[in-house]
Amino acid sequence: MNSSHAAADEPIGVAVIGAGYWGPNLVRNFQNSAEFRLRWLCDLEVRRAQRVLGDYSTVQATDDLAAVLADDKVRAVAVATPAGSHLEVAMAALRAGKHVLVEKPLAASVEQGRALVAEAERRGLSLMCDHTYCYTPAVLRIRELLHGGELGELQYLDSVRINLGLVQRDIDVMWDLAPHDLSILDFILPPGVAPVSVAAHGADRIGAGRACVAYLTLHLNTGAIAHIHVNWLSPVKIRTAIIGGSKRTLVWDDLNPGQRLSIFDRGVDVASADELGDEQRRDMLVSYRSGDMVAPALTEREALRTMVEEFARSIRGGTPALTDGRAGLRVLALLEAATRSLAEGGSLIALDEESPE
Amino acid sequence: MNSSHAAADEPIGVAVIGAGYWGPNLVRNFQNSAEFRLRWLCDLEVRRAQRVLGDYSTVQATDDLAAVLADDKVRAVAVATPAGSHLEVAMAALRAGKHVLVEKPLAASVEQGRALVAEAERRGLSLMCDHTYCYTPAVLRIRELLHGGELGELQYLDSVRINLGLVQRDIDVMWDLAPHDLSILDFILPPGVAPVSVAAHGADRIGAGRACVAYLTLHLNTGAIAHIHVNWLSPVKIRTAIIGGSKRTLVWDDLNPGQRLSIFDRGVDVASADELGDEQRRDMLVSYRSGDMVAPALTEREALRTMVEEFARSIRGGTPALTDGRAGLRVLALLEAATRSLAEGGSLIALDEESPE
Amino acid sequence: MNSSHAAADEPIGVAVIGAGYWGPNLVRNFQNSAEFRLRWLCDLEVRRAQRVLGDYSTVQATDDLAAVLADDKVRAVAVATPAGSHLEVAMAALRAGKHVLVEKPLAASVEQGRALVAEAERRGLSLMCDHTYCYTPAVLRIRELLHGGELGELQYLDSVRINLGLVQRDIDVMWDLAPHDLSILDFILPPGVAPVSVAAHGADRIGAGRACVAYLTLHLNTGAIAHIHVNWLSPVKIRTAIIGGSKRTLVWDDLNPGQRLSIFDRGVDVASADELGDEQRRDMLVSYRSGDMVAPALTEREALRTMVEEFARSIRGGTPALTDGRAGLRVLALLEAATRSLAEGGSLIALDEESPE
Amino acid sequence: MNSSHAAADEPIGVAVIGAGYWGPNLVRNFQNSAEFRLRWLCDLEVRRAQRVLGDYSTVQATDDLAAVLADDKVRAVAVATPAGSHLEVAMAALRAGKHVLVEKPLAASVEQGRALVAEAERRGLSLMCDHTYCYTPAVLRIRELLHGGELGELQYLDSVRINLGLVQRDIDVMWDLAPHDLSILDFILPPGVAPVSVAAHGADRIGAGRACVAYLTLHLNTGAIAHIHVNWLSPVKIRTAIIGGSKRTLVWDDLNPGQRLSIFDRGVDVASADELGDEQRRDMLVSYRSGDMVAPALTEREALRTMVEEFARSIRGGTPALTDGRAGLRVLALLEAATRSLAEGGSLIALDEESPE
């Protein structure tokens, strides 16, 4: 019997691995959730773990991963180490029978990611990817609007995520920032809509040894286009997405707390191509809508809190999380294709016909 | 003796051809300039020309281009007809010995543009391209800052020009809007810096028969990257450019009259690659500057007014305008390459080694 | 028979008096309106009138007001001279049987304003005040929303109109800018709602001899409050009003063309005081609404164009304009009371029980 | 020997009283400071204190204030209870020999505040007021700029602090929000500059039994004016101050993290009144500066962290904190005068000649 069959009303014992940039956020949110009982914070440098916990905490700091995994009271493990070690740490946790939450990206390659997904499925364990943005009230609402048809069919998505960011030692700006946009795209696309090819351009003008500015273009199977601009060098911080639908267009400005989402009943309509002959097509009827804009009220709720609850739901229910390992794999496949395109000067890379899973 | 040798202090007789979208702006600015005397507004539909002039004007409306070109008092002609007729109208004007100002783009193709440039040079006449944005106080200042070295070397340029725009009958969004961005790029790049290849992606998701959303990526001979996003379908209007330099980064927000330019002394520095061994390169020293931001005071001056004065200066001095025919040709070469890339699914198109001129 | 009984379909002959700051806008709008035929532009300095008309106009420039008023073809006169001469010029025009449009404020004092209103009424002529902002699409919509009850009852109005402005030689910032806000307030208040007292504070810290910063507080007969901040010294330009209603609250940002009006279904409700005993009152039920925000689509239309049409409608129909002389008088009464308060250190000045008219 | 003479390098034992809205912020910041050792969180409802501490804390929760004050290891007490109980709690702490930090406002009245200041001075204990905003990097910089003369002499200060806020049960919007603005004003004014009179207007249009919208006007001894707008009913959140100086004008937008401060070298100059005769005065020379705007780089640092360090500095050094009890008293005096003005319909209330202390 694996540890996932404990009493439903008992908090789930959890350990966080990695006390770097992201770990403290997980520590805080597991502590604030009645669903979990945080038992360990583990880091290669135990002093770093201690510093994160502070002087007033009853949580144990350690640098001994094996001891954490050997703790029967730990049923779940959250991995917030650098991507290069995700395979090793997450695999060890799965093999120890723990449910696993992994910080994005799922792993350093599709191949590694596949191994994790296979292991989790074999063992009937939850493998969840911490695609945090998917759990913001804004993205949850965008998903509803696209799935529910209120925006109509997706025409284009344009995402900008730029800031003066830390130039990473091991990964380029695309692997650092684009997982956010790609996981959001994966999360909000209605069933049956998916990217079929990717092209990427980038530049390393400061001589960092890796792209610090990158542009990704994704062509979808519907003819729609998605475009992502990520940039570590921008002195201004912008986090905006425009999601053009056939009925309405949505603008998401994540840095405007008073008006994160704006839904415009404004746009261009063209008489359906099917109804028109060639001659007409040239003289097509373009009409413009210029209706109101609605900014829906959103509850303010920390995304990580919702994410942590989804992890609990997945563990207790034995069902995949909304952003499960397979979602993580799809994002990895896009990143790998984009990396190939970047190396080839922007050539269009088709995504495998077969599912990446 | 051609008509350009008239007395220096006498207003230059001018005619505007085309009373559509742009013509009225030229009419107004020629009227307000002491350098010019507007004599004719010519349009295929004379009533349209009359409507533009209104009930109180002494300027003559006509639909007879030949009569305009036969008027000895007309020394200069401004062409504001659709791009498809630029060659015909501008060539006729040049052959009649008139100096010519052409609305962007210079012509419908590089080949046509070359013919106009050759004709003007043969006849010693001014051929100027109305790259209006180049004459805004903001772009003139950006040019100064880049040429003068205050921003350092260009690292990247990211330009966004999106709005709910008129879906044009004959051209796609790239030919409609990108000439603005490409002409600005051409105008501000310091001597010796130039694009070497172009890739373009676009989508026509509304079935308009031409791209309504497009992304252009330009690689420069310095390794820098320029990227342009043009879009007819956006319910929000954005006209922003970020120009990253090795010393400072400039943000231009053309819709913020109180703060059009912001110059950030903020950025990332990397120890020069030349000074570093491979080992060091991995451990490179990245440092961050986080200095002040300065928003320089700009005079508010209509760009067309400055443009019209530059046309007068060029005519009177017999010297090329800042945005002369050759500048127009360079923009056309970029547009043609981008169009080819778009048709080929985004492949990288090298710009001819030889100058497009 | 006065000149207002001419054929309904014939353009109304009009003259503009004053070629200073505002006159040119009137000239342009009368020229663009099919309802009017502009015949004269009159200024004490005829060269100034000529400069405004430019080199291409068929309109006559003059410095001879008597000649203008003697012209039978002139049925209407628009007065755009300094406020100090409004009485003299407008009275002369009325006595010559002309309909009169006066730039705000109607006159330099309530007494002068009353004389004009009386004269116009005696002669059955239109006397209209050019309260331009009332004719913006935004203010027209606000009026509809308040009159129609969609905002509920007015709770507060807060208006900010600040900018680096010209320090006027003859009037303080209150007389320069507050007429805009006061005329808007007068225009949008539902029938029966009106100010009952005014207090004003100001400062002349730069030694200009008159207030350059001023704050007006108006108490309404409903218990609602209105507050106006006008300022000539602000380096940032702000033109915002918040209009709190019992049902919804509206924010008007006149400098945000993409979202001038925002209507928030967000606010605080308190159980009606009438239903509560004293004890309950202390434990009153406060509830918060946090619904959506709607930014209604507005047509973009120049206010002066609508204003000019309203002038024509009033002349042709023989009915008062929306912003007639009496509206101008009410604004003058508020300004005079505010001036008294300012002189008395901010004391609350009751407005005359009797209508100022 | 009172407890303030302990070893300088030992953390200062501290207790927080009050686990409501503000207490948790103090708990977090005392825990993060190496200067302090948090020993107790005390609340009338011990479960509330426990909830704030969470399941992982070693800090003791209690509802027994006497026990806390009897703890020798507690040398300092932070009071975050409702204003009505500040006198009682803070006085007990002072009498037990503890240094005291009090949440704003210092007490419920000037009289109560005076008693606390006197007690602390008699005992040589630190009494500090938690005027949090004074410790933001923005306000610290503003103080530097005003004290250092870079803005010139203060001409006007306009502060807006509006939001959809909790309608408080015991205090009006003025007592809830204006202490922020008044404490900032007190903090940044250069030596010798001080308010001399106050007027206040307000409205309780929703029937809450207390003002929900209020406007305060302060006249300073230099002729400058300060104005504060506080509002619980606004659906939009605004926290902006404009600080006009004779040399430069500063705009503080606290909700714009990328550009909190903007310093404009833009303004109006008038030739000094002293140099001019009466005649000249009418024809005075007004000149306009339109220089650059500079947005200084600010470190991002939580204000409470700096505040907590200032408390430690004051305790260890035996010197008054920047926002000591006397600063709290001055704010109380302004609030009391404003309350009187509000009750009297906005009449101008002179502040006592003698210092309120």
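A, B, C and D are the chain letters, set down in written order, and residue numbers restart from 1 in every chain.
Everything below uses one rule, namely that contacts are C-beta pairs under 8 Å (C-beta built on N, C-alpha and C of every residue); 3 or more make two chains touch, one makes a residue touch a chain.
Keep in mind it's a predicted model, so treat the numbers as computed, not measured.
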item: Which of A-C and A-B has more C-beta pairs touching across its chains; value: A-B
item: Where chain A and chain B are represented by their mean Cα positions, the distance between them in whole Å; value: 40
item: Whole-Å gap between the CA centroids of chain A and chain C; value: 53
item: Per-residue overlap in chain C, given as positions that touch at least 2 other chains; value: 236, 262, 266, 290, 293
item: Chain contact topology (line, ring, star, complete or other); value: complete
item: Touch list for chain B against partner chain C, complex; value: 31-32, 37-38, 54-59, 236-237, 258
item: Chain D-facing residues of chain C, complex; value: 155-156, 158, 162, 164, 167, 169, 197, 199, 201-209, 212-213, 215, 217, 219, 222-225, 227, 229, 231-236, 242, 244, 246, 249, 251, 262, 264, 266-270, 272-273, 281-282, 284, 286, 288, 290, 293, 345-348
item: Chain D - residues contacting chain B, complex; value: 259, 262, 265-266, 290-297
